[in-house]
Amino acid sequence: MNFTNMMDYHHFPIYAVMVLFLGAFVTMVCGTRPSKNPNNPAGLRAWIALCATGVSLLLLVLLIKPVMLGGETIAYWMGSRGIAGGYAIGIALEVDALSLFFALLIATAVFVSAIYSIRYMVHDDCVPQYYVLYCLLAGGVLGLVLSGDIFNMFVMVEILTFAAVALTAFRTRVYGALEAAFKYLVVGCMGSSAILTGVILLYAQYHTLNLAQLASLIPGSMNNATKLAFAFLYIGFSTKAFIVPFHPLAADAHGAAPASISVLISGVLTKSGIYGIIRLTWFLFQTMELGAMQFMLVFIGSVSMFVCVTMALAQHDFKRLLAYHSISQIGYVLTAVGLSTALGVSAGLYHAMNHTLFKGLLFLAAGAVLHETGTTDLGKLGGLSKKMPHTTVLFLIGAFSISGVPPFNGFASKWLIYQAAYQRAVETNNIGFLAAAVVALVTSTLTLASFVKVTQSVFFGQLPPEYENVKEVPFGMRLAMGILAVLCVLTGIFPNTVMSVLTEPAARAVASVGEYIMAMGFKATVPTPEVSFAHVGVWTPVNWLLILCIALLALTVAALAGRYDQVSASQGENVETKYQLFYGGEQNVYSQVGGGDLFWGFKHNWRHYFDFMHDLHSGVVNDYALWAVVALALAIMYMMIAL
Amino acid sequence: MIQFNYIAAFFLICLGFYTIVTKYNLVKTVIGMSVMDYGVNLLIISIGYTPGGTAPIFTAGELTQASYFVDPIPQALTLTSIVIGACVTAMSMSLIIRLHESYGTLDTREIRRLRG
Amino acid sequence: MTSIFLTGLQYLGCILIFPGFLFCFFCGLLLTGIDRKLVARMQKRVGPPILQPFYDFFKLLGKETIVPAAASRTTFLLAPLVGLAALVVIQLFIPIYGFSAFSGMADIIVILYLLLIPALAAILGAAASGSPYAGVGLSREMVTIISCELPLVLVLLAVAKVVGNALGTGLCFSMTEIARYQVENGSLITKLSMIPAAVAFAMVIPGETGSHPFDTAEAETEICEGMHAEYSGAPLAVFKLSHAVKILTLTSLFVALFFGGIGTGIIAVDGVIVFALCVIATALFISFVHAVTARLKIEQVFKYYWTAVSGLALVSLVLAWYGL
Amino acid sequence: MFKKLIEESTAKSPWLFHINSGSCNGCDIELVAVLTPRYDVERLGFKLAGSPRQADIVVVTGPVTKQSLNRVLSAISQVPEPRCIVTMGSCPQSGNVFKGSYSVCAPLSQYVHVDVDIAGCAPKPEAIIDGLAKATEILKEKRGRM
């Protein structure tokens, strides 16, 4: 094989996956002795991981041109063993725009988090092993989304679950880390077993494991075993996406893991679950035409959205709060995908991308706070904006993005989701979609409330005396956050570019199952539908931003000219008390309005709901396992009736 | 007689679920997970079974039109699955040891610092 | 070249003069003055002169600005400016009869979210001051925002549906389209389904602007002006101006949504007509309510908005859904 | 011209911050009476502010007890310039009937420059309005000097 042949872009997907696994292997070979550099105890291993993720990202970026813009679907048979006798006998990688879209998200998040890890993991033991697991996790997720073979998807799911569990438990001394890892392991393995069962049931019916071939065989020949398989697969991927009823695990795992890993678990692992669900419903079974299926996804999406945002409001730990928000945002994605329109899918994918960016940013900011202060308890922090101004600004960008404040990216995608939902409601004359739109709109405000709470109790308000000596985080960590922040802003200001380059090709790929099947060399009976991304709303962020800037400039000029912050000499007495806070004349004492005390007016009216929810999320692993079993049973019943 | 395999697999999976849901001891939870895994493995291997088939091991010369063997793919899958099952057990046991060190108990009802 | 220059100048004029800063400044403060005078008259007082808000504004400009040592200086000083600028920009998107300074840039959902920015700026400024009074104030402000959001969302969705039905597109979010529809077919208030929506929106106005009886966030007698506890001088003046402009924005949004068809097509006359309607709306929904009610507790505010007002809005949405 | 405008406005929009330094509440009630429909000082632009940061005129009532002295002084210091300090009633001026008590620090003028004294126990609303009107003149003058 000569070099030109090797650099053919059809090989890039497998290179992208292999380079990560190779990275894991090489880091492992490098041994476990920490290096002498106090700023990078992993030494060379950190750079290996960084290079591996960087190369992987680069390879995937190079694929944008042929796959996203050219509309090509790359079908890659490992070892050139393809189809024999009408059956796929080889192991395949199949990269359509949807796979590439998710792969790009994953690679970006992994790369940025690797940059962040170098300085963030300084205080930990066993950092060399951290990078082994890190590369494994990254490789597992990437392999999952690029795979064209359902059994390989299962294997990748197992790899990523293991790596994620191990990394969740990585900081064994952190409060609850082991416990979180164990819970995640139990329910995660139930999910994985469910996926395996689903895979094997499908194999028993169709004697193939190739996704494209399954997709060409399943529709039209559904029987009870297939329906059972669907239910198992759905539940399996739900546990990976942490949607209701698996959200408590997300909260535990995201909260306990190191921040750089929380980024992956929330920004990347959940996406793999969403990817699985899209593949399952749109491709394998092609059930999205069914009202029952749309109802299920929209319903579960809306419930995830609302339940998780209210759970987040009740949290008093920074990372746990972020974790619940993560699932709330995944609820948006699921709702949008469940709308079953091209616009909906495009909006959902857009939001999935934004979620990776802003949630990554927020978790990294939480990690920065943890790194400097040693706690993420909202009740103990405060006033950090004076000590960590850059982190504050970056956090605020993330917070505005997630709460859908224009012109950041969260708003652009949420705005599309509202429209898609309402348009769908009007088209089908179905009031359920309208309810979903209203829930989405209200959830957005509650998200804002929740982040106002974090802003007030971590970054603003008063600085507790014990954090007098806190410093800004090292440049490496700020760089990682900065990359994500810039992406958050850019994807918010240029929604049309993002849509035409990334989400619309992916959404088109979702709609055209036939091409996916045919690219692999199988016969497809599904025609490729005409898709339209038309929407009724108007929003031009660039113009708005321009006007706002002019207005702000005019105001600032006026303010500066008019001595906006004029100070005059005091008349003498008590100058030192002049700049103290007003406490009714009392001497200044440390008095911070903690996160738990905010929004009493809201919580009081919903107290029964909050009490009920608190009791429900009992923290006992048996309960969560029971939820999983019940969800499985319900899913089986629903599929039997609905499909 | 293959039906018995399916019934047994179903029974094992349910038994696994039952153990995980009702037993409050961490080790028993892990046993439940293993039992569930075995149920799935049994299901896989039964699916590939063909009555009267031989092992799918042959050389090119032996392959004739009348060759009759069980489906090899499920067997390969089972191997993968067994390995993964062993990993799960190992991982969870190591977690349990650390959990016992820090919590001093194996009762799931007491290992619930994270809740709400 | 010259035409680009002229267009630019025209847009700049829109931003700075009409319906931008200058218009907002005069009309907003005038509305507040009228409001204060009316409340005083309803309470059998003489009341301040109508120009009183202007005096207040200029006096505050001349005062010293104290930035507390515990505050985050940049955020503390920048927040009022950003809030005011964002509000003025919203005003540019609200059409007056058929005229809108920047049409086709933002629809009603965007406006709903743009309305969050000034509130958010105030909240961040309050949080940056470090005062616990401000902390309590911002918490209440946020709850008020949550409270108002649900009815507002329902009202806007109902409006979108009604106009969309009439235009045959099924849905209409565009503010310009809504304005044009009303110019051609008369005000939306004449539709049966829009009457509860208008009432619900009117009930939201005092909540959104933080006037009585929903001014829990700034309750001067219990939490020392709440969010503005540490603000003095020019930043406070900008906040007071923002408050005034917010009244103008909300009332003119109300007018644009429900009384849009009233006008002549001559922009100067329409500006006056819209302002007159805004004055009436302020008098009815802010001054009158202020004069006859006492301040609610924050959890009562929430309950009120999520039951009574949201119920009304929901009625309107359901009516709109069935094409009434 | 702008300076002139601000000066004029300062005289027309004085906001009060009321400090009770151990008063018997007589003066406080009279101050509230000034705001009622009968006297309505709001027609002159007066308004009660909730925080010293927003105030122009500080009205101190009561004999400045030892307990309240530092609190009064620090609250006064937190009022931005230009500001005007008004003592109301006889207590903060002389200590009134409490004069000589071990726990009373009056007169206030020992500690801080007082611009206007409104005499009376308690002063009549008319006297209060007169005093406040004088305070606004001083305020305007101070603003002119800034």
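Residue numbering begins at 1 within each chain, and the chains themselves are lettered A, B, C and D in the order written.
By our rule, contacts are C-beta pairs under 8 Å (C-beta built on N, C-alpha and C of every residue); 3 or more make two chains touch, one makes a residue touch a chain.
Note that the structure is predicted; figures quoted are calculated from it, not measured.
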Shortest chain-hopping distance from chain A out to chain C: 1
Chain whose averaged C-alpha position falls nearest the assembly-wide average: A
Most remote chain, CA-based centroid, reference being chain B: D
C-D compared against A-D, more contacting pairs: C-D
Approximate Å spacing (C-alpha centroids) for the pair chain C, chain D: 35
Inter-centroid spacing, chain D versus chain A (mean Cα positions, whole Å): 58
Length of the line joining the C-alpha centres of chain B and chain D, rounded to whole Å: 83
Whole-Å gap separating chain B and chain C, where each centre is the average of the chain's CA atoms: 62
Shared-contact residues (touching 2 or more other chains) in chain A: 568, 578, 580, 582, 584
Shared-contact residues (touching 2 or more other chains) in chain C: 61, 64-66, 133, 224, 229-230, 233
Shared-contact residues (touching 2 or more other chains) in chain B: none
Complete list of chain pairs which touch one another: A-B, A-C, A-D, C-D
Residues on chain C engaged by chain D in the complex (per definition of touch): 36, 40, 43-49, 52, 54-59, 61-66, 133, 219-221, 223-225, 228-233, 236
In the complex with chain B, residue positions of chain A that touch it: 151, 155, 158, 162, 165-166, 169, 172, 175-176, 178-183, 185-186, 189-190, 192-193, 196-197, 199-200, 203-204, 207, 209, 248, 251-252, 255-256, 311, 314-315, 320, 613-614, 617-622, 625-626, 629
Partner chain A, residues of chain D touching it in the complex: 19, 51-53, 68, 70-78, 81, 111-113, 146
Sites on chain B touched by chain A in the complex: 13, 17, 20-24, 26, 29, 33, 36-37, 40, 43-44, 47, 71, 73-74, 77, 80-81, 84, 87-88, 91-92, 95-96, 98-99, 102-103, 108-109, 111-116
Chain C-touching residues of chain D, taken from the complex the two chains share: 5-10, 12-14, 37, 40, 42-45, 48-51, 53-54, 56, 78, 80-82, 143, 146
